[in-house]
Amino acid sequence: MSGAPAVRRPYYRRMGRWWQRDPFFRRYMWREATALAVLAYALVLTLGIVCLALGEAAWQVWLAALRSPASLALHAALLAAMVLHTKTWFEIMPKTMPMIFVGERRLAATTITRCGWAAAAIATLALLALAAGWRP
Amino acid sequence: MPEPARAAARSITLEVLRYRPEIEAAPVWQSYVVPFSEDLSVLQALQHVKDELDGSLSFRWSCRMAICGSCGMMIDGRPRLACQTFLRELLPGPVRLEALAHWPIQRDLVIDASGFIAGLERIKPYLIPRQPRPLAAGEYRQSPHELELFEPYSACINCLLCYAACPQFGLDPGFTGPGLLALLHRYNADSRDGGRAQRMAAVNAEHGVWSCTAVGYCSEVCPKAVDPAHAVNQNKVNSAIDYLRHLLAPRGAPP
Amino acid sequence: MSSGTSPPARSHAPIFWLLFGAGGMLSALFGPALVFITGIAAPLGIVIPHDLLSYPRVLALSQHWAGKSLLFVIVALFAWHAAHRLLHSLHDLGLRIGPATRLLCYGSASLLTLVSAAGLLALGF
Amino acid sequence: MAAEAIERYTADVIILGAGGAGLRAALAIAMRQPAARIALISKVYPMRSHTVAAEGGAAGVTQSHDSLDAHFHDTVSGGDWLCEQDVVAYFVEHAHEELVQLEHWGCPWSRTGDGRAAVRAFGGMAIERTWFAADRTGFHMLHTLFQTSIRYPSIQRFDEHFCVDLVIDDGRVQGVLAVEIASGEFRLIAAKALIIATGGAGRVFRDNTNGGIVTGDGMALAYRHGVPLRDMEFVQYHPTCMPGTGLLFTEACRGEGGFLLNSEGYRYLQDYGLGPASAEPRNKAMELGPRDRLSQAFWHESRKGRTLHGPHGEYVHLDLRHLGERKLRERLPQIRELALTYLGIDPARAPVPVLPAVHYTMGGILADGRTAAPLAGLYSAGECSSVGIHGANRLGSNSLTELLVFGKVAGEQALAFAQGVGHGAPARLGALAEASRAAALEPLQRTGSGERLATLRNELTRTMQEGCGIYRSAPSLEATCARLAQLRQAWHGAQLDDRSRSWNTEWLALLELGFQLDVAQAMAHAALARRESRGAHQRLDAGCTERDDALFLKHSLAYHDPAGGPPRIEWSPVTITRSAPGTRVYGAAAERAGVTLHA
């Protein structure tokens, strides 16, 4: 448009450390940070596969490493992060799927979230049971 | 509600981020003390300032009933409509007021919303009928269920609070953003509409739906329960389907 | 006024988003249990039999086609889930997303995918 | 300050105001003649226009047992026979197709179970014929119209542009001068025809349901250029508004079955010829009586000491409890939300305090049945216009349909006019624009001491409320007229805090106050001249308390005095075609009358 720049001079604010601005954003950043745990665990498993492929001696090194206090501490942190991931994943899930109708009524977001959590609980128990030696 | 703080509060301080392009190089905070009452909204407090204390304070407002979408601003750091936020919720103060985050400030609490208006033209927010229907044929039949599929997204008042809640828009103003994507989906989801294919290019772009990281705060702050996050992510599903379809039929054959 | 300009380029994000979603769902369902079993219960010898991660058992698992696929899917999808999210997190932290950041994130996921695939294939059937 | 050149634009038709009527007019032109250039000017973004706040619905004959004749008679008797009957006939004939048109554009009308548009009961309507989109009808209509308008590139919008004057030369409208609010720069938009669609003027009263932008700008702009304002004494009070803020609880609350109760919990409307008090809502009875009668009944209850008292004065109760939470959520969601947010009251559990507040100006810019003003090239539509369908009292849900029906007519008429004339001489328009700009900038250059803007505005609204309210009398109106003249003087000396140009809303509010003062003077002087009681105009002084068809079955016309004196009031005949003035009957009497009519 024609020039009167002194009058029309929009001011742009910087984003800075925007995630500190609102508790909602802080929770979001924690949620996103769970990806570090997922990546770390994928790396641990990859190393395990490599060690397995290298033979029994290498496998034992991997197992020994898992027993180290540092690894245990790491996995405790990974576990916490995974649980946070499970919680937040199903919290956002209702937003990511089309509307679901049961008969005339639309399924509530909280119902979908709770179904997700329940599925995760069942999956966890099933995996633990399988690992503990239970066979269907 | 006989809280002592409430009974004692005869006045309350507003701290307003001011910016007058003809006077200040950058925004500055300015304080005003206004009389407190239980039923006073932030908008009414600002009107008191303008009428009685400082006529140079600028802000948009009109309907006073949360339907025109004019008076969105950051109130104690959260995007809200000034007309339906009450001082009693913000005790003891001071109440910090700032123009909606992520938008350029034009002056004081007034943002430059021209980016949103330009975006409207891109997303084709109007019914593109499957086939022309003469007026004499009367209204389309639309079941209450079909209405429900898009009705929530049609309730958007364009107040832009969702944009102030969206860090992705803040980081990248080219992002189409929650409000426009909800409006786009409102038409895509309408049983009378046949224009989805024409709107997909806007959705499929990086700046279309794919800048969204599902923060979800847009839906939290929406004063009309539009749930833009839900609309945006339904667009993601649609765009992913469109992408796969395009891979399988790359010549752009109509679906 | 923008009508008439050519439509914006199609993003390839859907591929990565679908991988992200699949990995996210898998890790949300099984991640906690897997981490607990391999990273805590097995090393400490609690809850599960102490020979669960013994060489012969794990070898047998990884040589069965089903076990092999399972391990591959877990590693690869976890990696792609994480890579996609971390790429966006870099953007959230203020970095511009360009070829370098993409290479860093998606490259890491590709690397884990290839290494695990190579390892699993080397283990034979 | 050296005067910079005024930026110039050219269009075929200018539409001033982008609410429902303005947008409908723009669409009518764009669809009929894509080559015609349309300048759509609004002081807010179009979706902020006050059409957005209309809640209840839009009337149009829909059901098979309804008839155009029934809608016609409801409208004419509701307007106390001050309607232009030929125009009402045109209106009711074209109402339904316009509602269907809006549906084809995507308006999410509420539906019946089989997918058709649903209709609800409304005050003063004998049969359910009000289309609605929950209780956000105006919102959905406005957004549908605005979004549809985006489709047409021939509509060039001037959003957030404030019109300071019309440019009139050679006896016809040639353009407007507007300020871009963001920069304070002036723009001359030249055109061959102008449609004014700027809405009402409810903000001249203290208690009102209107948005802050409803300041009568377009009415005053036309009035200052010699176009009379017609029937300005008729100002509608809506009976159910929120104490303090004046926010509206839609008539649909009563259409859905709400009760009005006085301090004794008694449905007092049965004492005012609107009974009997049946439990189920009955058309044209009790709470579904017309708005003027209901607002007047409140005043009488107040006199009898049967109102309740709160921090914002007297009120009565709107009782919705018996509708149940589910129906409230489904049919009146915004009402529920308003009561919860603003009053902390859940209408499913407690009655809602309400009082009458100014809602609508029945009068406006004189327009013939095809929206043309007695100034070549000028048209008007919507609340700012007096096309003649509301008479002395508008029926709820007629005005949203009016926007559509006469918005379209205005668009087509203005287009036809524009196609028959050329553009004016640029140099002459430029000189006129320079003069208008100087006048608009004058308040920014004032020195000395004068009143604050808010002081004058508060005094205006208080004066109008007290002297020109639900009931008026010669003494109250004379006092009001005198006070308005003083305020007009004071306006010329009012002082501003803000001398800047970008987003100087104080300056624009002062210009708006000038418009408001013009409109208020037209209202008060017309009310003083009308020595009878009719519809929304009710007088208490002796000899004026009844309708007087012999002397006042006439429209009032208020003419502006360029010298700054009071308006001149003249009279013009009412077009009566098939409904001779009769008695307005509601409640049981109306049902008896209906039986004889249909027998």
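Each chain gets a letter, A, B, C and D, in the order it is written, and its residues are counted from 1.
The rule is simple: contacts are C-beta pairs under 8 Å (C-beta built on N, C-alpha and C of every residue); 3 or more make two chains touch, one makes a residue touch a chain.
Fair warning: this is a prediction, and the values are worked out from it, not measured in the lab.
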item: Central subunit by CA centre of mass proxy; value: B
item: B-C compared against A-C, more contacting pairs; value: A-C
item: Centroid spacing, where centroids are CA-atom means, of subunit B and subunit C in whole angstrom; value: 36
item: Cα-centroid distance, subunit C relative to subunit D, in whole angstrom; value: 62
item: Separation of mean Cα positions, subunit C and subunit A [Å, integer]; value: 12
item: Distance between chain centroids, defined by C-alpha means - subunit A, subunit D (Å); value: 55
item: Residues of subunit B touching at least two other chains; value: 21-22, 106, 112, 121, 167, 171, 213, 236
item: Set of subunit A residues in contact with two or more other chains; value: 7-8, 15, 19, 32, 96
item: Sites on subunit C at which at least two other chains make contact; value: 3, 88, 92, 94
item: Chains grouped in pairs wherever the two touch, ordered by label; value: A-B, A-C, A-D, B-C, B-D
item: Contact set on subunit A toward subunit D in their complex; value: 1-2, 4, 7-8
item: Interfacial residue positions of subunit B with respect to subunit C in the complex; value: 118, 121-122, 167, 171-172, 201-202, 204-208, 210, 213, 236, 239-240, 243-244, 246
item: Subunit B-touching residues of subunit A, taken from the complex the two chains share; value: 6-13, 15, 18-19, 21-22, 24-25, 28, 32, 92, 94-99, 101, 104, 106
item: Residue ranges of subunit C in contact with subunit A within the complex; value: 21, 23-25, 27-44, 47-49, 52-53, 55, 58-59, 62, 71, 74-76, 78-79, 81-83, 85-86, 88-89, 92, 94, 108, 112, 115-116, 118-120, 122-123
item: Footprint of subunit B on subunit D - complex, ascending; value: 44-45, 47-50, 52-53, 97, 100-101, 103-106, 108-111, 113-117, 136, 139-140, 143, 147-148, 150-151, 159, 182, 211-213, 244-245, 247-248, 311, 334, 337-338, 341-342, 452-454, 458, 496-498, 500-506
